[in-house]
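For reference, chains read A, B, C, D and E in written order, and residue numbers begin at 1 within each chain.
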Amino acid sequence: MAEAVIFVLMAVAALAGALTVVIARNPVYSAIGLLATLFSVAVLYVAQLAHAVAAVQVIVYAGAVMTLFLFVIMLIGVDKSEDRDERLPYQRPLTLAIGGLIVVVAATLTLAGFDWVPAATAISVDATNGTVERIARPMFTDWVLAFETTALLLTIAAAGAIALAHYRRREG
Amino acid sequence: MTTPEVSWLAILPELLLALGAGVVLLVDVEWKPPAWVLGGAAGLAIFLATGVTVVQWIEVADVVRADLAADLVVFSGLIVMDGFAVFGRLALLAVTAMGLVSGWRLIESTGRRGAEAIALVLLATAGFSLMVSSNNLVMLFLGLEVGSIALYVLAGLTRERAGSDEAAMKYFLLGSFASAIFVYGVALLYAGTGELEIIAIREFFSRVVVANPAVLMVGLGLIIVGLGFKVSAAPFHAWAPDVYQGAPAGLVGYLAGVAKVAGFAAMARIFLTGVVELEASWVPVMGGIAALSMLLGSVVALVQSDVKRMLAYSGVAHAGFIMTGVVGAVSDGVLFYVAVYALQLVGAFAVVSAVSGPAVTASELSDYKGLAAKSPGLAAGFSVLLLGMAGMPLTAGFVAKFGVFSGAWDRGQHWLVIIAVLASVIALAFYLRIIVTMYMEDAEGAETAVPVPVRWVVLLAVAATIGWGIFPGFLLDLASDALAL
Amino acid sequence: MLTALILTPMVGAVVVALVPARRRELHLPLGIGLSMITLTLAGYLFWAFDPVAGYQFAEDLAWYRPWGIGWRLGVDGISMPMVVLTALLIPISLGASTTITRRVKEFVALTLLLEAGMIGAFLATDLFLFFVFFEAVLIPMYFIIGIWGSERRVYAAFKFFIYTAFGSALMLAGIIALALIHNAQAGAPSFDLADLMRLDISAGTERWLFAGFALAFAVKVPLFPLHTWLPDAHTEAPTAGSILLAGVLLKLGTYGLIRFNLGLFPQASVDSVWIMGTLAVVGIIYGAVVAIVQPDLKRLVAYSSVSHLGFVVLGTFALTSGSLQGAVIQNVNHGLTTGALFLLVGMIYDRRHTKQISELDGLQKVMPRLSGFFLFMVFASIGLPGLNGFIGEFLVLIGSYATLAPLAVLAALGVILAAIYLLWAYQRVFTGLPRSEENRVLSDLSIRELALLAPLAALVVVIGLYPGLLLDRIAPSTESTLDRIEASTGFTVSYPGRLEDVLVVGR
Amino acid sequence: MVDPGWYMALAAALFVIGAMGLLIRRNALVMFMCIELMLNAVNLTLIAAGRALNDINGQVAVFFILVVAAAEVVVGLAIIVSIFRLMSTASVDELSELKG
Amino acid sequence: MADLLWLIIALPLAGAIGLHFFGRFLREPMAGWLATTAVGGSFLIALVEALPFVRGGDRGTTVLLWEWMPAIGANLEILWDPLSALMTLIVTGVGALIHLFAIGYMHGDHGFHRFFTNLNLFAASMLILVLAGNYGMLFLGWELVGLCSYLLIGFWFTREAAAGAAKKAFVVNRIGDFGLMVGLMLVFTTFGTLSYSGVFERAGELGTGWATAIGLLFLLAAAGKSAQIPLYVWLPDAMEGPTPVSALIHAATMVTAGVYLIARSAAIFEMSPTAQVTVATIGALTAIWAATIALAQTDIKRVLAYSTISQLGYMFMAVGATAYMAGLFHLMTHAFFKALLFLGAGAVIHALGDQQDMRKMGGLLKKMPVTAVTMGIATAAIAGIPPLAGFWSKDEVLASLFGRGGWYSALWVLGLVTALLTAFYMTRQWVLVFMGEPRWDPGADPHDGPRVMTVPLVALAGLTVVGGLVNTPLRTTLEHFLDPVYEGLSVQHPPEGWLMFIVLAAVAVLAGLAGIAAAYLAYNRPEELWVGFEAGFQPIWGIWEEAYGVDDIYGSALVAPGKKLAEVAAFSVDTGLIDGAVNGVGRAFRELGARARLAQTGQVRSYAAFLLAGTIAVVIWLVAGGV
C-alpha cells in the first residue's frame, strides 16, 4: 500500500520532470526537470528494492552527470532560451502525428490487455533484494567481462573528450 | 566465493587491441614520438590480434569437431567463441588494418590528435569485435556503444571543418537515440522472456509459446530499428549520407565498414539464432525494410553529385541487399557479403581520399573527370571496386549477391528477390556514372599523386574483389563453417 | 581444349596489357597475332568436330560444390559455329581498327577480353558460368563503345549496358529458381544444364521462368519492341565495336533462346510459339520499314539487323527442322554479312568522316572495289540465292510455314523490303556522279582492307553454295533439341515439319 | 505491492516523452537530456522486469547502462562544446550544411 | 553424253569469273570474243545434247551436280529434257549472237570487260534457271538473272536514271519473287520437297484449292519477271541499259522466264482451271494494254519495250490456255525477231550518236540498208505476215485460244485486236525510222555498223524467216519435240482441219495487213501531216503516250505513302514512342530520386522524426502481425 502511494507520487514527479525537460524554454530548467526525474526514478528503484542501483543512480547522475550538464550550460550561456516557433517544414505536424500514433498504439495495446511480463514468476523478496553484495557477486563473476568492457568505454570517453576538446587555432 | 570463469583465448584479441590503444595513448603522452612509432604499435596490436583470431579459428574447429560446442560459450554466457564470431572478428580486423593504412595521411596530418585517433580506432574495433561475439544482449549493447562512441569522435576528428563537426553531432545525437531505442528493445525482450542470453532466448522460444507476445513484438521491433540504424537501412539511414560526407574521407571507409560488419553480425546472431522461432513475425518486416532500403538507396544515389554521398546511399542499398540475406536466413551468405562489401568500401574510400584529399568533406564527382588519364591504376582499381559493388560477375560482389538472393528465393521471398535484382540494375546506373566520369570525360588539372598506402589498400581490395569473385570457394567455406551456435 | 579457347584470349589480353603503353605500334599487331592463335584453335575445333548430337570436348570442374556451380564447358552443333565465327571476327575487327590512336593498348586488351567472354558464353554448359560470361561481355563492350565511340558515345554505351543488364536481371532470378528447384527435387542445387534439363517443372513455374529467360535474350537479340538500344549503340560504336556487336553479341540472345528457352522449357516454348513468332515478324517488317528512311548508313544497317534477327527468332520458334537449322545458320550468316557491312561503312567513315547518306554520293566512281564489296554484301543480306543469306532465310521461311503459315508469309514480305532499303541506300551512296569535292578524292581499298574483306566474302559464297558444310554439323543438335520437345510435350509439326519426314520424300 | 506493469508503463511514458523531446527541442543540450531520459526509462524497465522475473540480472544490467550513459555524456558534451566553439550556437537547426 | 551437260552452265560462268578477275588485263575486243565463245560453246554442247530429243520419245535425264540443300530437295541438279533443251538453245543461240553484236556496240566503253563479265554471268544464271532440276535451283537462277538485270540496267551507274531504273527493276521483280517464295513454301509443305520429280509425280493428288493458290502465286512471280500487269512497269525503264542488254535480257531471254515457269509447272496448273484462266486473262489484258501504249511512244526502244510486254502477253495467253507448245513456239520466234529489232534499233541509235527519239530519225533506208531490211523483216514477222516466224507462232497461239473456246474465245478477240495494233505501231516505227525525210541533225553520218554488228542482224533475220517452219500445220516438229514433257497432261492444240486453219490464219493476217496499211498511209507522209494525225486522236493519244500514267499512280498510291509510313515509323514511333518510353523510365527514376532527396533536409530533428516514425511503423507492423 505504501509502495502504491510512493509510486503514484514519484511517477507524477518523474513525469512532471520529464515534461519540464521537454517543454522548458531555458536549458537550466530542463536540467532541473531532468534532475527531478532522476531522483524520483531513484526513489522508485528503492521502492523495488534496488538499493544499490538507486545509490549509483544518485551518485553518478546527480553527482557527475548533472554537474557536467550544468557546467556546459554555464559555458554556453544560460540566457539562451529558445523560442517556440518551428522553423523546419513539416516538423510540427510530423511530431504531432507521431505523438498521436503512439497514443493510439498504446491505447489499443492496453485495451487488448497488454501483458508486460509474460514470463513473470512468483516474486520472492530476497531474490531481488538488490543490496550491494547481492549485486556485486554476479557482477564480478558472471558479468566480469562486461564490467571490464566498461573500462574500454571510459577510456574511449576520456580519449574522445581529449581528442575533441584539445584545440589548436591554426589547423584544418 | 565463486571465482569468475575466464577464457583468455576468447578475449585475447580484444585485450591486445585495448593494450595497443593503451600503449599508444601512454607513449604519446609520455614521449610524443613520431607518428610511425604509434602506427607501428597499432599495427603490431592488430597483427597479433589477427594471429590470435586464427588460432581461435583452429580451436573452434577442433571443439566443434569434438562435438563440444557448448564449451564455446564462455564467460558464463556473456560471449561465445563460435566460428561466426571469429569470422566477423577477422573481417573487422581486416577492415581496421586497411582503414588505418588508408587513413594514415590523415592521422599524420592531425598531429597530436593522431594518437587519440589511433587509440580510438583500436578501441572501436575491440568493442565491435566483442559485439560480434557477444551472446548476452547487454554485453552486445556494451560492445555496440564502445564502438559507436569511438566512431562519433572519429567522425568529428577534423572538427575544425564545420562539416566534420556537424557530422559528429548528427551521428552522435541520432546514434545515441538509436542506441536508446535498441537497449529499450533489449529491456522489453528481457521482460518478455526473462533471458538476456541469445542462446537462452532461443531455447526459451523453443520451449514456450508466449500467449500474449505483444511486448516481445515491440521489443523486437525496437531491436530491428536499433540495428537497422547502425547498418543504415532505410528509413533509419538519414544520418549516413551526412556523416559519410562530413567525416574525414580517410576514415569514412573504416567508420562505415566496421559499423556494417558488426551491425549485421549482431543482426544475424539475434534474428537467426535468438528469435528464429518468431520469424513468421519479423521476416515480413525485415523484408519490407530491405526492399525499401534497396530501392530508396539506389534511386537517390542516382541523383547525387558527391561521390561520398553516392557511396553512402549505395551503402543504404547494400544494407537492403544484405538484409535480404538475413530474410533468407543464410548467415554465411550475410557474412560473405558484408565482409566483401566492407573491404570494397574501405578501398573505395581510400580512392576518394586519394582523389579529394584525406581530410575533406566534399568529394565532387567532377573531381574524377578523366582520372583514367591522370592515374590509370587508381581509376582501374576504383572501377573494379565499383563494378564489384554493382555485383557484376567475376567480382566477389556478384557471388555475394547471388548467395543472399538464392537464400531469399529459397525461403519463398520471390517478390523480394525480384525487387533486389531490379534495384541492382538501378544501382548499376550510378556506379557506371562514376566510371563514365573517370574514363569518358576529359581530364582537368594535373596528375593525381597516389600515396603509397592508398595504393596498397586499393590493390588489396581489388585483389579480394576479383580473387573471391573467381574463386569464392575459400571464403564461402569459411563463412559456411562459421555458423553461430 | 575448350578451356584453351577461353584462356588464350584472356592471357592475350594480359600480355598486351603488359606491353608498355608507349610502344603503341606493337599493340595492334600483337593483338591480331594472339587472336590468330585462338582462331587456329577454333579452326581445329571445327575440323575435329564430330557431327553428332550432344556435347563434345566436354569439361567439368567443380567450382563451388555446395552451390553446384562448375566450370562446365561443352560444344555442340549449335554453339560450334558461333565459336568459330567469334574467333574469326576478332582479328578482322582488330585489323579494322588501325584508325584508333587513343589508348590502343586498352582497346586491344578489352577486345581480347570480349572475345574470351563471348566464347565462354557460347561454350558454357553451366547456367551460372553462362550468366557470368553473359554479363561479363557487357563490360569490355561498354568501354569500347564509351571510350572509342563517336559523339553520343557515352549515352549509347550507358543505354546499352543498363538495358541489357536490366534484361538479364530477371534471368538471374530465373537461374537461381531453377537451381533451387533442382535442390528441391534432387537434394542438391545444380546449375549443370544437363541436370536442369531433367527437371520436371510445373507448367505455371515453367511459364514464368521462360518469360524471365526470354526477356533477357529478347533484349539482347534485340526483339521488337526492346530494340531501341541497338541503333544507338551501333551508330556510336567504333567499327570494331559494331562488327562484334552485330556479329557476335546479338547472337548471344538468339543462341540463348535456342539453347535455354527451347532446351529448358519445352512446354512453355511450344505454348509461346505464336507470341514469339509474332514479335519476330513484327521485328522483321518494322525493322525493315524503319531502315528505309534512316539518314545514317550505320543506323540503317543496325535496323537491318533488327529485321534479320527476326528471321532467326521466327525460325527458332517455328520448331521445325528446316526453320531451326535455318535459324542457327542465319546466326552465322548475319554475323558475316552485317559484320562485313559495318566494316565497309567503317572504311567509308575512315576516309570521308561521315556516315550521313545525304553527304555521300557517286562513290562507285571513285571506289569501284569498295562499292563492289558493298554491293556483294548487300545482295548477300538481301538473301540472294547462292550467297549465304539466302540459305538461312529460305530454310527459315520454308520451315516456318509448316507451323506458323501466316507469319511465314508476312516474313517473306521482309525480303522485298530488304531489297528496297538496301538498294535504295546503295543507289544514293554509290551511284551517280560524286558531286562534292570530298567525295571525288576518296581512295579505293588498300591491300589491308582487301585482306580483311576477302575471307568474309569467301565464306559468304562458300556457305551460300555449300551450306552442308555447316548444316551437317548443325542438324544433329537441332534435331535432338526438337526430339526433346517432341518427347516432353508431344508437340509434332504438321507434315513435313521434321527432317526425317522430308528426307523420305526428298530423295 | 504495485504490479511491475505499472512501473514499466511509467517507464514507457518517460521513454516516449524523451523521444518526442528529441523531435521538439533544437537545443543540442536539451535533446541530449532527452536521451538521458530515455536511458532512465530503460533502466526502470529493466529493474521492474527483473523484479517481476525474480531475477537479479536486470539490476546488474542497469549498472552497465548507467556507465554507457555516463560515457555518452562525456563525449556528447565534448562534441557540443566544440561545436559551440566553432559556431557559437547550441541549436542543431544551424547544422544543415550537409544535406540532399 | 549427259556428263557434258554441266559445261553448258560452266562455260559462261567460267567466262564471267575469268573476266571478272583477269578481264582488265585483256585488250578490248578480246574480252568480248572470250565471252562470245563461252556462250557459243554452250550453244554447241546444247545442240549436241539436244539431238536425241529431235528423234523424239526421250523424256530426258536428271544430273545431280552438287548437294546444296538436300533437306528440302533443293540441289544443284540439271534436268535435261526437251523443254529445258529448247530454252537452252534459245538462250545460248540468241545470246551468242547478241554477245557478238555487243563487241561492236560497246566498242570504246571503259567498262568493256565489266560488261561482258555481267553478260556472261547472265547467260550462266539464265541457264541455271532453265536447266534447274528443282524449284530451289530454279529460284537460284531466277534471282541471279534478276541480279544481272540489275547490274546491266545500271551498267552506266553514273547516270541517275540508269541506277534508278535498275533498282526499280529489282524491287518490282522482288515483289514477284515474294510470290514465288510463298509458292515454294506451299509446294514444300504439300510435297515435302522442291524437286521437280518429287512434285510432279504427285501433283495429281493436289487439291484444287492448293493448286489454285500455288498457281496464282507462281503467276505473281511470272508477272514480275515477264513484265505482266500489274508488275510490267519496270521493263520500259529497263531500257536505260545498253541496247544489247535490252535485246538479250529484256526481249529474248530473261523476260520469258515467267512463261517458262508456268510451262514448267504445267502439272500444277493442270489441277486448277481457275489459275489457267487467270493466267490467260492477265496475258490478254497485258497484250492489248501494252500494245495501245506502244502506239504512241516516240522513243524507239520504248516502243520495242511495250511491244515486248505485249508479245509476252500472247505467250501468257497461250500457256494459260494450256497451249504450251504454242506459247513456247511464240517464245522462240519472238526471241528471234525481237532480239533482231532491238539490235537493229541499237544499230540505229549507235549510228545517230545515241539518238533514241524516232521523231529525230527518218530516211535511213539508204544510209543503213542492212539494218533497214533486217528490221523490216522483223517488223513484218511480228505483224504476222506469212511465211515469217511470227505468223506461224502467233497464229498458233490465236488458233489454240479459239480452239479452247468459251471464255478463251473472248481472249482470242483481244488477241486479234492486239495483232492489228501491233502491226500498226511496228510499221509506224519502221516508217518513222527509215522512210520519209531525214530529221536527224545533219552533223551525224549514219551508216551500217561493222561486221560484228551486221552479222548478228543478218543471222537473226535468217532465223526470223525460217524459224517458223519448225512448227507448221504441215510439220509440227516442235510439238513432237516437246510432247514427252507434257505426256499425260491435257494440252490445248489448234483446232483440227485445214479449213479451220485457213480461216483463222486469214483473219489474223488480215488484221496484220490492216495495221500495216493504216500505219503506212498515216506515216509515210511529211512530218506535220502525221503529227496532225496523232493530234487528231487526243486526248487518248496523250494518255497512251503517258502509258496511262501508271507510274505516277503507283508513285502516289504506293511509293509515297510507303515512304511516309516509314518516316512515321522511324521518327515518330521508334525514336518518339518506343525509345521515348525507354528513356522515360530512366528519367522517371531520376525524377523520383530528385524528389526523394528533398526529404534529406540536413536537419537532425527531422531525421529523428523519420527514425521515430519508422520505429512506430515497424512496431505496429510487428504487433499487428504477432497478435
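We take it that contacts are C-beta pairs under 8 Å (C-beta built on N, C-alpha and C of every residue); 3 or more make two chains touch, one makes a residue touch a chain.
Nothing here was measured: the structure is a model prediction, and the numbers come from that model.
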Contacting subunit A as well as subunit E are chains B, D
Looking at Cα centroids only, farthest away from subunit D lies chain E
Counting contacting C-beta pairs, the top-scoring chain pair is A-D
Max Cα-centre separation from subunit A goes to chain E
Nearest to the mean of all protein Cα atoms is the Cα centre of chain C
Cα centre of subunit C to Cα centre of subunit E, whole Å, reads 37
Subunit C to subunit D, mean C-alpha position gap in Å, rounds to 65
For the pair subunit A and subunit D, the C-alpha centroid-to-centroid distance in angstrom is 5
Expressed in whole Å, how far the mean CA point of subunit A lies from that of subunit B is 29
Expected list for subunit B, residues touching two or more other chains, is 138, 142, 145, 149, 152-153, 156, 159-160, 168-170, 173, 177, 181, 191, 194, 212-214, 216, 218, 241-242, 304, 429
Note: subunit C residues in touch with at least two other chains are 162
Residue numbers in subunit A touching two or more further chains are 88, 91, 94-95, 98, 102, 109, 112, 114, 116-117, 119, 121, 143, 146, 150, 153, 156-157, 160, 164
Chains touch in the following pairs A-B, A-D, A-E, B-C, B-D, B-E, C-E, D-E
Subunit B partner, complex, touching residues on subunit E are 586, 589-590, 592-594, 596-597, 599-600, 602, 604, 606-608, 610-611, 613-615, 617-619, 621-623, 625-627
Residue set of subunit B touching subunit E in the complex reads 169-170, 173-174, 177-178, 181, 212-214, 216-218, 220-222, 224-225, 228-229, 235-236, 238-239, 241-242, 278, 280-282, 284-285, 288-289, 296, 299-304, 426, 429
Seen from subunit C, its contact residues with subunit E in the complex are 159, 162-163, 225, 227-229, 286, 289-290, 292-294, 321-322, 325, 362, 364-365, 379, 384-386, 390-391, 394-395, 397-398, 401-402, 405, 408-409, 412-413, 415-416, 419-420, 423-424, 426-427, 430-433, 465-468, 471, 475, 494-496, 499, 501-507
Subunit B partner, complex, touching residues on subunit C are 63-64, 66-67, 128, 131-136, 138-139, 142-143, 146-147, 153-154, 157-158, 161-162, 165-166, 169-170, 172-173, 176-177, 179-180, 183, 189
Within their complex, subunit D touches subunit A through residues 1-2, 4-10, 12-14, 16-18, 20-21, 23-27, 29-30, 33-34, 36-37, 40, 43-44, 47-57, 59-60, 62-64, 66-71, 73-75, 77-82, 84-85, 90-91, 93
